[in-house]
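These notes are about the structure you will find just below.
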Amino acid sequence: MNAQLMMALMPILVLSLTAVVLMIQASVKRDQSVAWVITALGLLLALWGAGYARGFTQPVTVLLMVDDWGLFFTTLILVAALVTLILSKDTFSPEGERKEEYYLLLVLSVLGAVVLIQSSHMVSLLLGMELMGVALYAMIAFPEKGQRPLEAAIKYLVLSACASVILLYGFALIYAATGELSYAGIGLKASIAYAQNPILLMAGTAMVLAGIGFKLSVVPFHMWTPDVYEGAPTPVTGFLATVSKGAVFVALSRFFVEGQLYEYQSLMTALAAVAIASMLIGNWLALRQENIKRLLAYSSIAHFGYLLVVLIALSYSGAEAGLIRESITFYLAAYILTTLAAFAVVASIAGEDERKNHIASFDGLFWRRPIQAFSLTVAMLSFAGIPLTAGFIGKFYIISVGIQSQLWWLITALVIGSAIGIYYYLRIIFAMTMSSGMSSGMSVNDEGEDQKNVAQDVVVSSQDVLAMLLLTMVLLLGTWPQPFIEFAGRL
Amino acid sequence: MVMVNLILILLVGGVLALLSERVNENMPRRVALAVVLFDLVYFLIHLSGMPELTQLQAPLPDDPSTWLMHFKADWIPAFGISIEFALDGISMLMVLLTLVLGAVAVSASWTDVIVRRGFFEANLLWTLAGVLGVFMALDLFLFFLFWEVMLIPMYFMIAIWGHENRGYAAMKFFIFTQASGLLMLVSILALVAVNQSATGQWSFSYFDLLNTPMAEATAHWLMLGFFIAFVVKLPVFPFHTWLPDAHTQAPTAGSVILAGILLKTGAYGLIRFAVPLFPQAAMDFSYVAMVLGAVGVVYGAVLAFAQTDFKRLIAYSSVSHMGFVLLGVYAWNELALQGAVMQMVAHGFSTAALFMIAGSLQERLHTRDMREMGGLWQQMPRMGAVAMFFVVASLGLPGLGNFVAEFLVLLGLFQVDPWLTAVAALGLITGAAYSLILMQRAFQGEPNPKLVDQGLMDFGRREMLTMAVMMLALIGLGIYPQPILDIAQPVLQSLLEVTP
Amino acid sequence: MDGLNIPLNHILLVSSLLFAIGMMGLMIRRNIIFILMSLEVMLNSAALAFVAAGAHWGQPDGQIVFMLILTVAAAEVAVGLGLVLQVQKRFKTLDMDHANRMRG
Amino acid sequence: MRELIWLIPLIPLLSSVTLMLAGSRLPRLMIGIAGVGSVGFAALLTLGTGINFMANPEPFQLTLWTWMQVGSFAPGVAFYFDGLTLVMMSVITGVGFLIHLFSTEFMERDESYARYFAYLNMFVAAMLVLVMADNLLLLYLGWEGVGVCSYLLVGFWYQNSANGQAARKAFIVTRIGDTAMALGLFLLFTELGTLDIQAMVGIANETWQVGDNVALIACLLLLAGAVGKSAQLPLHTWLPDAMAGPTPVSALIHAATMVTAGVYLIARTHGLFLLAPEAMMAVAVIGIATTLMAAFTALMQSDIKRILAYSTISQIGYMFLALGVGAWTAGIFHLMTHAFFKALLFLGSGAIIHCLHHEHNIFKMGGLRTRMPVTFWSFMIGSAALAALPMTSGFFSKDQILLQAYQMPGMGPWLWLAGLLGALLTAVYSFRLVFVVFFGAAKTEPDKDTGWRMALPLTVLCGLSLIGGYFIIPVQDVFPVGSGDHPAHWVEYVSISVPLFGVLLAYLIFHTGQLKVDSLVNSRIGQTLRQFWLSGWGIDWLYDRLFVRPYYALSGMLKSEPVDAIYGLIVAINQTFNHWLSAAQTGRMRWYIVSMVFGLVVLLTLALQISPEVL
């Protein structure tokens, strides 16, 4: 294993090292803030590593594939992890609760995600996914009080374990059919295997899709999402929604492209069905949801439905592969940034108080805490795909890809879904514009109240700053995407 | 660059208005008015350099250099998206209308809005900016961007400062327009894709996309996408139902902008994009469109007659009037098109004024219900007289702008389809019915005892000034519409050449 | 190598049966302990399939993955049991049907 | 002089605008001067122009500016002046001036004096534009303008919503005709490519043979417009209600000028009508039918103004008859004389109403002969003229009409007979009015007699009504000259004697009472007929059932916006889905697993749809 490989693996190495250091530190002297600092440093270092590794892109053994694309997502995920870290510090720290392990778990989970992103082999995929997942169970269940986190954790554990098993079994079948474990290998052998024993191969891939579909929470594997989103501590929810899902999707697309699974029509039909179902059902579920975390859960279902359209487009010669890859990059980036921002705001407003996650607690936010309200508005508009936000460019990509591959059914579903989506995103915005005793929109009595509100809104927590930062990026991507498009094109 | 500045001025002005509230709560409206007027003056100064109206030569649809103004700068070269604005006669008229009515709207908000004035005026200005963008953007991506973005401040205006049922109205307005907008987005992207597969390169520029070769069926579908987006905004039966709610619930200034300007973006879109981009398809479709228009004219009039809510009645009258625009556009001959353009301008003024009257009534009586009114003329003769003027204007009294518009539309339509003309002409009769019933219910008849001793304030100087502006505009349009016609003529001529 | 040579499909059949049994268990058992056990069964079914496939192709990979699966199972169960304790403490029951605070 | 004719409509317009803007601040005297003076000035100008025109009777045309120019459609704001225009203008400004003068006293105590004159001047301006217009579009402007002024003036006392009702009815019913007329304009332009009346007629004569269908349709559409404005069958119902306005208004608008606009329109476009004999026949038939219908109705009315209103309708019927039979000159002649005596009668009734504190019912009046001599004599003369007693102005005009009707080939004699019947009835109802109101015992005391501002116009109009018949109207070059030959003398004698007989009847029945008609009236049939005629042949009732109520019903039905139901349905569907799906989120883990398994099965089945050739 020569130095080159080490260099290429820099982020992974850094993260593992951080994990080790954290353990040592915990065993020497337990101290939250120190642990926090170490984690932060570790993540930053890993970021540097990700940048550094770009010089040495190459396959590392059969297991990992270090390329720019992967490294970009590694960076993105590390950023997300940093955000989570910051949110975690301010959000859920009931006195006396010890969080050293939490940081350790965070790092491990990130490590898993990075591995997952770079995996080019079933084993590394399994490894990454499990590492990420197992750490996540613990993170979800971390708060020492309350039943919801625990319930969420146990549900997630059992269901995702079940999903992993399905995935594993699928792998087993594929292995049985092809005798290969690496994507590339599968890609080579698949066609022959298909000729010899299609059922084995198809059943296997279908099961793999099911397993991954669970992690992406696409219909019909979405049931767990709202409960886990709701039960988990808000920062963890954010982490789950961005790091876990993002990484898994990258892995899925690698598996798809390398394994050339887009060749098989029946698989594509299955995937299309899943996509359409997710777009519609996700939005329908969110339609009248009152709890903002659950609402975001449902909306995420829809969003990964949209994203699947791109994978399906692979199978049609219509759109060129570069565009497709670009769309995935852009959409995921936009989605991750927006989601992080949204959860940052939610965290800063609701904290860990479940009741505060109710949409009603956002009433009149514009007049109480304009900054948060503005941030959340932008986030919602980005989710809804209104121009000037990154979300719009993302949707723009998906629709163009869809059109070029002439996936009219999927586009129809996408349009309907987005139309429904506008409603619930707007509901949140409307709630924030409401204000008590505003009978005809211009009664005098709430003027005084406003003065009060303005007065009480001087404190801007770190979450808000974070949200603002993320949203400036979202807006930048939305208004001046050219540089990023070029960058994504070069990946 | 002029066109970019026009928009920037409004955007920055919005921010200023927002901040100026910290200085003094009466500041925002002054700032807003100043900004709009400044924008208007700025525009006029740059127009003064243009050739004589009668010497305007036809702007070739595929050659921007022949247009009055043209600005192009790269934005997202990866997709051939650029910041491209261009101005021809029609857009010029629309921009002028927008700015004038913008000033009117600010004046309408003068005493109407008493909370969060800064934010209100900011939203108002931003809406105007968006509308200007729509009227000038010639890059379809940019156009779509403005098309969608202008709705957001509008949404806020309705949702925050609206009346009792504002939430529902704002939501309905936004969803109708956004959903239809999505269809247009799909159409735009599909059009671009077709063009790209033909020419091999991405471009969203109107000038490149014109006469894109495509299969007939494709053209029909894409045209439909644009058509729906535009007629929802216009609005046309049966897509009109968002309008009565939105207009009724919006604050006065909001209604003024909605009815006066926003509806026109739909008509503008039809003339600028829906037909020229898909000439053949549009012509195949024209009969359906005209039938919708004729139905809308009558349907709107009948429903207007039934209303007891002052603003709602006016809203339905807009449905009826916009029906004429649709007829004019799809009759697609010079007379009808001139009529349609004329209608856009004239209706802008007459309806805006009526909404202002409605607003001042609500301000004084705290109701829009005409059953609570009656005999108001006695206490507010000036308002009564003004109302009478605009009512007869909207029922199409010759000598005022709306008549010229409707007459030209019908005259042009008659050459295409006499029977539809006869149907649409019913609108003139029903129009008289609802206009006069409005007058009767609000201003004539026995004074409502509850109101007699309220000492209602008649129109003041500011209101009369605003009204005077619009009255003069309508009279001018009515007895000497030639300038408008001359400005629009070359454009329409070149458009007419586009279609088979 | 000699010895009776079982065709791949038969083993896969067995493993899929195991898989189905585990799945059934997941669906019908309420007690979290049994649920975890069912998971184990399923994991093993997958492991069996891998081993069989490895044997079929005459590669070691199958068995390696089997090892991996064992560790994974261990990890899962470790965390799982940890949570089970908490469940017992906070819900005063191991019946998963009672853990439905969150719904809708 | 000639290039100044644009001043004639402009001056009243300006004064109207001034009164609107500044009226509330001006003293009454000023208002009166502005209102009357402007019209008077217009009258003088007309006079001057008229003299000038008589000097050399060359029709001339004056274009101020091109109103709008779209392609070949370029109507100008242009005036055309010929004998016909002159006659109309003289009537409008002359009679108009007198009525304005009359109004200054009549409206003395009204609070919105200025508004009144503003409207009235505006009306004069619009009416002048109507008759001076060189093209049909400008004519249409005047046409609609007078409509709106009529609406404003009928509803002048807006606080009584009955007046508003009447005003709206007037406007909307005429609007129906106007819309038809607009369609006519579209058709004419589409076919002939211009709306300039002279040019148009010329082109029409080249493009169409006599009896061309397009010409017929165009003429019928124009006729519809005329019928609406001139309150002929079937669009006459608005006029009686329009009496809600101040009486001078009725005199000016609903007797002398506006209602005759229809007659003017047809006369002006006679070139077209000559191409469509069927259309002319229609005009004649409508005319005669209206005459009889209205005459019978007038016979039964007891409201003095309604009697006059119906008599107006009936008289305009005569004019239509004249136009229909091609007696253009006679028609216009009758228009003029009618303007004189009907204005006279209306003003007279106005004086009565004014002095009898707004009493309208003739049976509450009586014996006014001695108390209001001026009014009495005006009424005598007016009625005489109306009944066409020999030597009065009405006699000359109506006689011509009847004679030329008789000469019309085909159904001429029948028209003549019907016309005679009409004349008889006219005589009866007009003198019924005279006898009931001015003779017999006094029932209500007038609180005053007329002042000079009322008396003067009355006397002048008396004069005109008497000598008006001797005027020669300078329309000989406008209209084609009819056949000069006269029918047999007996026809003439009959035509003369019938009105006298009518007066005699009226005398016997309503004054001396020697002729007992009570038995006839009180008989069953008599009663029903009476009711039927009293209600104006039940046409109002019919329209109410046929159009008004259905329209209200329709709008009431649609008020709830049925279209929204569709969108409501869409919303409902989505909400149902939402409901079902969120119900599925039970929070139970095992159920979630079930769903996963289900999903797995679905995926497997879909993925295993392997194309057969592979297997």
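So that you can tell them apart, the chains are marked A, B, C and D in the order they are listed, and the count of residues begins at 1 in each.
The criterion applied here is as follows: a contact is a pair of C-beta atoms (placed from the backbone, for glycine too) under 8 Å apart; a residue touches a chain by one contact, two chains touch by 3 or more.
What you are looking at is a predicted structure, and each value in this text was computed from that prediction instead of being measured.
Engineer: Which chain pair shares more contacting C-beta pairs: A-B, or B-D?
Structural biologist: Counting C-beta pairs in contact for A-B and B-D gives the edge to B-D.
Engineer: What chain is most central when centres are computed from CA atoms?
Structural biologist: B
Engineer: For chain A versus chain B, what separation do you get between their C-alpha means, in angstrom?
Structural biologist: 42
Engineer: Would you mind pulling out the distance in Å between where the CA atoms of chain B average out and where those of chain D do?
Structural biologist: 37
Engineer: I'd like to verify one number: the distance from the centre of chain C to the centre of chain D, where each centre is the average of its C-alpha atoms, in whole angstrom.
Structural biologist: Comparing mean C-alpha positions, chain D is 96 Å from chain C.
Engineer: Measuring centre to centre with CA averages, how many angstrom lie between chain A and chain D?
Structural biologist: It comes to 77 Å between the two C-alpha centres.
Engineer: At which residue positions does chain A touch at least two other chains?
Structural biologist: Those would be 154-155, 158, 162, 226-227, 289.
Engineer: Residues of chain D that touch two or more other chains: which are they?
Structural biologist: In chain D, 582, 585, 587, 589, 593 touch at least two other chains.
Engineer: Which parts of chain C, given as residue numbers and ranges, touch two or more other chains?
Structural biologist: In chain C, the residues touching two or more other chains are 23, 26, 35, 96, 99-104.
Engineer: Let me make sure I understand the interfaces: which chain pairs count as touching?
Structural biologist: Those chain pairs which touch are A-B, A-C, A-D, B-D, C-D.
Engineer: Flag every residue of chain B that touches chain A in the complex, lowest number first.
Structural biologist: So the residues of chain B in touch with chain A come to 75-79, 112-116, 144-145, 148-149, 152, 155-156, 159-164, 166-167, 170-171, 174-175, 178-179, 182-183, 185-186, 189-190, 192-193, 251.
Engineer: Which residues, counting only chain D, touch chain C once they are in their complex?
Structural biologist: 582, 585-590, 593-594, 597
Engineer: Enumerate the contact residues on chain B facing chain D in the complex.
Structural biologist: Answer in residue numbers: 237-238, 240-241, 244, 299, 302-303, 305-307, 334-335, 338, 375, 377-378, 381, 385, 388, 392, 397-399, 403-404, 407-408, 410-411, 414-415, 418, 421-422, 425-426, 428-429, 432-433, 436-437, 440, 443-447, 479-482, 485, 489.
Engineer: Give the list of chain C residues in touch with chain D in this complex.
Structural biologist: Those residues of chain C that touch chain D are 23, 26-30, 35, 96-97, 99-104.
Engineer: Where on chain D does chain B make contact in their complex?
Structural biologist: Those residues of chain D that touch chain B are 20, 24, 65-71, 73, 77, 137, 140-141, 143-145, 148, 151-152, 155, 158-161, 164, 167-168, 171-172, 175-176, 178-179, 182-183, 185-187, 189-190, 551, 554-556, 558-559, 561, 563-564, 566-567.
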